[in-house]
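After this come two complexes, each holding chain A, first together with chain B and then together with chain C.
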Partner chain A sequence: MKKIIRISFILMCLLPCLTGCRPKEKNTVVVFAAGSVITPMKAIEQAFEAENPDIDLQMEYHGSIQVIRHVTELKEPIDVVITADHALIPTLMYAVTNTETNQPYADWYIRFATNHLAVAYTDASRYQDEVNSENWYEVLSRPDVKVGIADPRFDAAGYRSFMVVKLAEEYYGDPDIFFDFFAGEFRSPVKTNDEDGLQVIHIPEIVETKPNSHIIMRGASIQLIALLESGDLDYAFEYESVIAQHDLNLVHLPDQLNMGEAAYQDYYDDVEVRLDFQRFQSVNPVFKGERIGYGITIPTNSSHQEDAERFISYLLGEKGRAIMLEYQHPLFEPAYGNNYDNIPASLKDYVVPEPND
Partner chain B sequence: MIEKNVDTFLIVTIILSTLVVIFILFPLVTTIVTSGRDEIRQTLSDHEVLRSLGITFFAAFISMGLGLAGGIPLAYILSRKKFPGKTILEGIINLPLVIPHTAAGIALLMVFGRNGMFGKLFASIGIFFTDHIAGIVVAMLFVGIPFLINASRDAFDLIDPELELVAQTDGASNWQCFWFITLPNAWRAILSGLVMMGARGVSEFGAVAIIAYHPITVPVLIFERFQGFGLQSAQPIAAILIIISLAAFIVIRTLSAKKNGEDDRS
Partner chain C sequence: MKRVWLLSLGVIILLLAACTPAATPPVAEVVETEAAPVEEELTVLEIIGIDGTSEELTMSDIQAMEPDEGYAGIKSSTGEITPPATFKGVSLIRLAELVGPMEEGTGVNVVASDGYSITFSYNQLMNGDFIAYDPGTGDEKQEKPVLTPILAYEVDGADLDENRDGELRVAIISDEKNQVTDGHWSVKWVSKIEVRELTADWTVLLEGAINEEMDRATFESGAAPNCHQTIWVDEKNQEWIGIPLWLMVGRVDDEIKHDGPAFNDDLADAGYTVEVVAADGYSATFDSTRVKRNDNIIVAYLVNENPLDEDVFPLKLVGSDVSKKEAVGAIAEIKINFEGAVAEPTAEPTEAVVEEVTGPTLEGDLVIFGKVGEEMAFSVEDLKAIGDDTYTLEHPKKGAVDYNGVKVNDLLAMVAPAADATTMVLTASDGFSAEVDLSSLAGCDTCIIAFTDDGLMSALPGQESSAWVKFLSKIEIK
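Then we have the complex of A and B:
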């Protein structure tokens, strides 16, 4: 008996060698991406790895602000950063010096896609038979309706959702929309003020809803999907691409509010979100209202620059574009390069300089 | 020759044991030591942290109470009665220990969520679970109760049924027998099971974060601070939770050990 065990143990050890399945030396490329691209990125990861067997992509998804914090504050070795708000890259990476290399954490980025914010719901959502693009803010404000919003401290979808509700006041001509939506819902109130026409939303340090609040908050918009599906939420602010990927119903927001139309930039920039506390080591970010733009960059301290470039080329190239389109998240063609001169040569084919760069 | 063998045996045993102790202690001690007294003091006056500590221990105590109310009878039945399907039942009770706690959170959400069967039932009497303290309690109860049931069942197993029989022939009712014979002989093991359950509850993250991210318990707060604000914000809270847990364990261990000594003498 002992002999059998011993032999089978040896065989088990030998098996991998015999079948030649020993893993080849692979370069690991660590990609930290915004949660809203998780579904198409999974497909891209598979396709890319199939074509590039020498590279192992390690994907991790968070709210966009979190993604950058993993680079600049948690100091993790990350090779590609994808955020749902390109403006975060200059604010949180250009402006922050890596003490080890004495360089900023990034010195270029590519704005490669947009998105539209919308309101997601399911067939089981309360008042789903009456909600539409004209009355959504009223339906969502009802006390028996549960609405999911991403945490504005961590996720771009979060602060953009607050912007949408504020912008709705002007669009629908009802100055109480924001108040009706949020007043009394948080332990520390979210305040707004008017600075010469600029609507400023102040996010307090503690963003926690009160018990029985009609608002439910999670760290990233993508985490709200499960709660929608379980029926714990009736509605949630989500990107249109995400809503389509999860086969949820959506209320289209008017172009003046959905933050995705270049033609309406003048509307979007009437609003701004500020984090009213100083906990971050370096900068206190201000989130300006503008058209949604996804940004991608390679942190300056990446140790796999070339492999990271290969991945980005794939994403921005024909095949990556086709996969993104398949998942209802079309890319810009060409994409826009910020600090164009610093962009790696291999990526310049897909990029034109940012118009006002 | 034999002497020598014993020696090497002892040496190897001691070396391996020491490695394990270092493995457990080193990360915990490092977390506390490198936190810095000022940071810990500052964190202890952080209203948010104190509130989270309050919520966490409050929820853990409620779950321990509920655990006692239901877990002790179940443990008693498992120890004293034979019935078909008992082995399967014992397996089921241990399920919460082996499934990922995120899966436990999802399972609880399906049942205690707004559209879940219990969720709807309790909503009619004004108890809600999603993002409510009751949600934290059920998550803690779910992941912790196997510790209590297993410890109590083992304790009941160790009691000589003869003892209960004698009491019953002397005219004690089942209730009296349980309160005056069974429980006094088993309470120490039950207490340590209860402490394990409470500790599991206090430290639970996965299930709690899914069903009730808010109000924020300490493990969720540590995660949020770590994710959102970095190591420096999260570490002192982690250190505080480690210190509190350690203190609680030492107090309860010494307490139950002492009582045990007294019991032996009587």
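Then we have the complex of A and C:
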């Protein structure tokens, strides 16, 4: 009998442990990011979680427009948003009110990284031995050359690629470059017009290439990489960081065209891309030509604000920056804060107010 | 000892049971004494047609339609795969057709309840033209399965998760569990579909001092009665509607496209050539002095108020100043060649200077040229003198039809094709052309050039209908 009592006593002592001694659950921070930062972000995720064992980062990557759509339209609980075009945040998040909180989906962002657009190719690409920074537009216009471009309806790299081709006309002094590139390639044409010096590119509702077109479209620029590697494409418009991360060859575009140099902002803003149809209920995005800027924010409905701030602090801090640079993704030094007053105090050390804020 | 363990286990179970929330007490069955008012079922989908016709459907309405069922999965833009699951719903095309027939050039805009929308093209709806990926590797599938976009209301035998998908969502299904498609097509929370006329199902390239890819909408607005509409009635009393060629040229002859003096008379007087090119490369070239303000050379898009036939669609050159050979159909391009100026400016339009890009050197109702021992031109009378017999031939679409004509092989014997010739190219006066393997004609005693009310026509039993070329004017042996 003593034995029974002893065992029961031990079991009763152990019982609380059976229910309460589980390891402490981690806080999950959901990060939705542009596909072009996937490689450095994977490394940052690993490093951050190693230093912050109480946080589990759940990363998901999409084209930038899709990233925001998951917050504002699919209403998914997302704690950090990173887009390849910072301007999408005010356009699609500041301007849209969350009906549950009666607040906009975001009221600040940090412009923290940039990039350069370039033309990626492989050793097997047609005319790879003759393409260079001065003749790329002529080589890529040839009907037997397969050129990949991201769909401008879904991906910032897509509409920026159209901008590059239009800007090339002015830079090379050849007004037919855009026409030679795209005329006759789409079922509904991508048209341009001159509005008092502003070159406006109109994207039709259906962006479908004709059979046997030499232009190949995919939903996101990152999808073009596999096609380049398999030989289905000869060239593709990609960000330089992505090209370097995948060990592809690249044609550097002149600074006036690569959308990544502050000195040429006046050049970039000569072009604009408009969607010729209603894509979102409340806004009809216009994509202005400007220096590439990646934006990061915490949606106002995030339920893990503090943990999200810890992640952004890490990314903008010394260690995060080192990883980004290791993967050849250029950063702003310092980063710029839009709606600076609304930026969480813990992040203000890493930013200065936007010059025109 | 066994009893000890059993006792201990019992203690634990009791303690654990005590820690779980009490079971919900059974709810007393409510017996309704009065019949509850029947609630009207809510509309879950609105369908709007091109003409504004609309249909409102409840879930019961949709579920009463013949269902489409298959496998669909998603690949995110960065490669993440959601494996295929079984979706059940109704195809977008059948839903769209509730408000009118779908035609080429239309599409369906699928709108979510929050206003997000994406448009599916006719090609995607009818032919399933989506990129499909292998669910295992994520690689693009070279051989596409048959894909159908549906509006799904069920996944794996259960209703959709309303929080995640809403009541209705798009799924791109196939019969086999072997594909996933891009996630951006899978619109969730669908509440409305709108059938739309998508602006451009054809374009024509205008090349000159500036270039323009003119789409259908732009052309049609230019051809409106209050704009540049020009009408010509041919000898068969057919009414052709379009825009004079000189106005099309005026859009790209200098920097002024439309406003002000769009057509530059000085340039035309200085001389250039205008080449009108069909989709198959056939072309006719005109001197600028002939084109200048000439309303009798018309780029037509309607005949008797209907779009043009498939073989000359979308545009054809017509008019009282257009010869049979110049009547280029299926126009794809209009090019100004400033370096090809040939004529001195004259006060009056000069006689036509027509330059064929390729073609025979002889003229006649039918010319056979190319890889032949002797190029020959025939009038209809010449041909009838060679042979004019009646044949009952099986047309691939029309069935048995009687034709009078001359045997193709008799004509070939006269021109003596070269030993290495393999192909016969049949070209109509409107520019349409078709190719036929010479070997497929060997021994064909009923393959003829038929005499019809519209002129000559190749009548080739056993060949596709496209090889039965009306208005036949040239045969090139290649």
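Definition applied: the second predicted complex is superposed on the first by the 333 of 357 C-alpha atoms of A that agree within 3 Å, B and C clash if a C-alpha of one lies under 4 Å from a C-alpha of the other, contacts with A are read in each partner's own complex, and residues count from 1 in each chain.
The criterion applied here is as follows: a contact is a pair of C-beta atoms (placed from the backbone, for glycine too) under 8 Å apart; a residue touches a chain by one contact, two chains touch by 3 or more.
All values reported here derive from a predicted model rather than from experimental measurement.
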Q. Aligned on chain A, chain B and chain C: do they clash or fit?
A. clash
Q. Just chain B (first), just chain C (second), both, or neither: which does A:222 touch?
A. second
Q. Between chain B (first) and chain C (second), which, if any, makes contact with A:77: first, second, both or neither?
A. neither
Q | Which of chain B and chain C A:66 touches, first, second, both or neither | A | both
Q. Counting only touches as set out at the top, which of chain B and chain C does A:184 meet: first, second, both, neither?
A. second
(Q) Looking at A:124, would you say it contacts chain B, chain C, both, or neither? Reply first, second, both or neither. (A) first
Q: Kindly classify A:231 by the partners it touches after superposition: chain B alone (first), chain C alone (second), both, or neither?
A: first
Q. Touch check for A:176: first (chain B), second (chain C), both, or neither?
A. second
Q | Per-residue contact with chain A, leading partner among chain C and chain B | A | C
Q.
Under the contact rule defined above, give the chain A residues that sit at the interface with chain B and also at the interface with chain C.
A. 62, 66, 69, 73-74, 153-154, 206, 208, 218-219, 226-227, 232, 279-281
Q. Hey, which residues of chain A end up touching chain C in the complex?
A. 3-4, 7-8, 11-12, 15, 19, 35, 38, 60-63, 66, 69, 72-75, 153-155, 175-176, 179, 182-184, 187-189, 191, 204-206, 208, 218-220, 222-223, 226-227, 232, 277-282
Q: Spell out the residues on chain B that touch chain A in their complex, using ranges where they run on.
A: 48, 106, 109-110, 113-116, 128, 130-133, 210, 213-216, 224, 226-233
Q. In their complex, what parts of chain C are in touch with chain A?
A. 4, 7-8, 11-12, 15, 19, 76-80, 107, 109, 112, 114-119, 121, 123, 129, 131, 139-140, 182-184, 188, 196, 198-201, 203, 205, 210-213, 215, 332
Q) chain B touches which residues of chain A in the complex? A) 62, 65-66, 69, 73-74, 124, 146, 153-154, 206, 208-209, 211-213, 216-219, 226-227, 230-232, 279-281
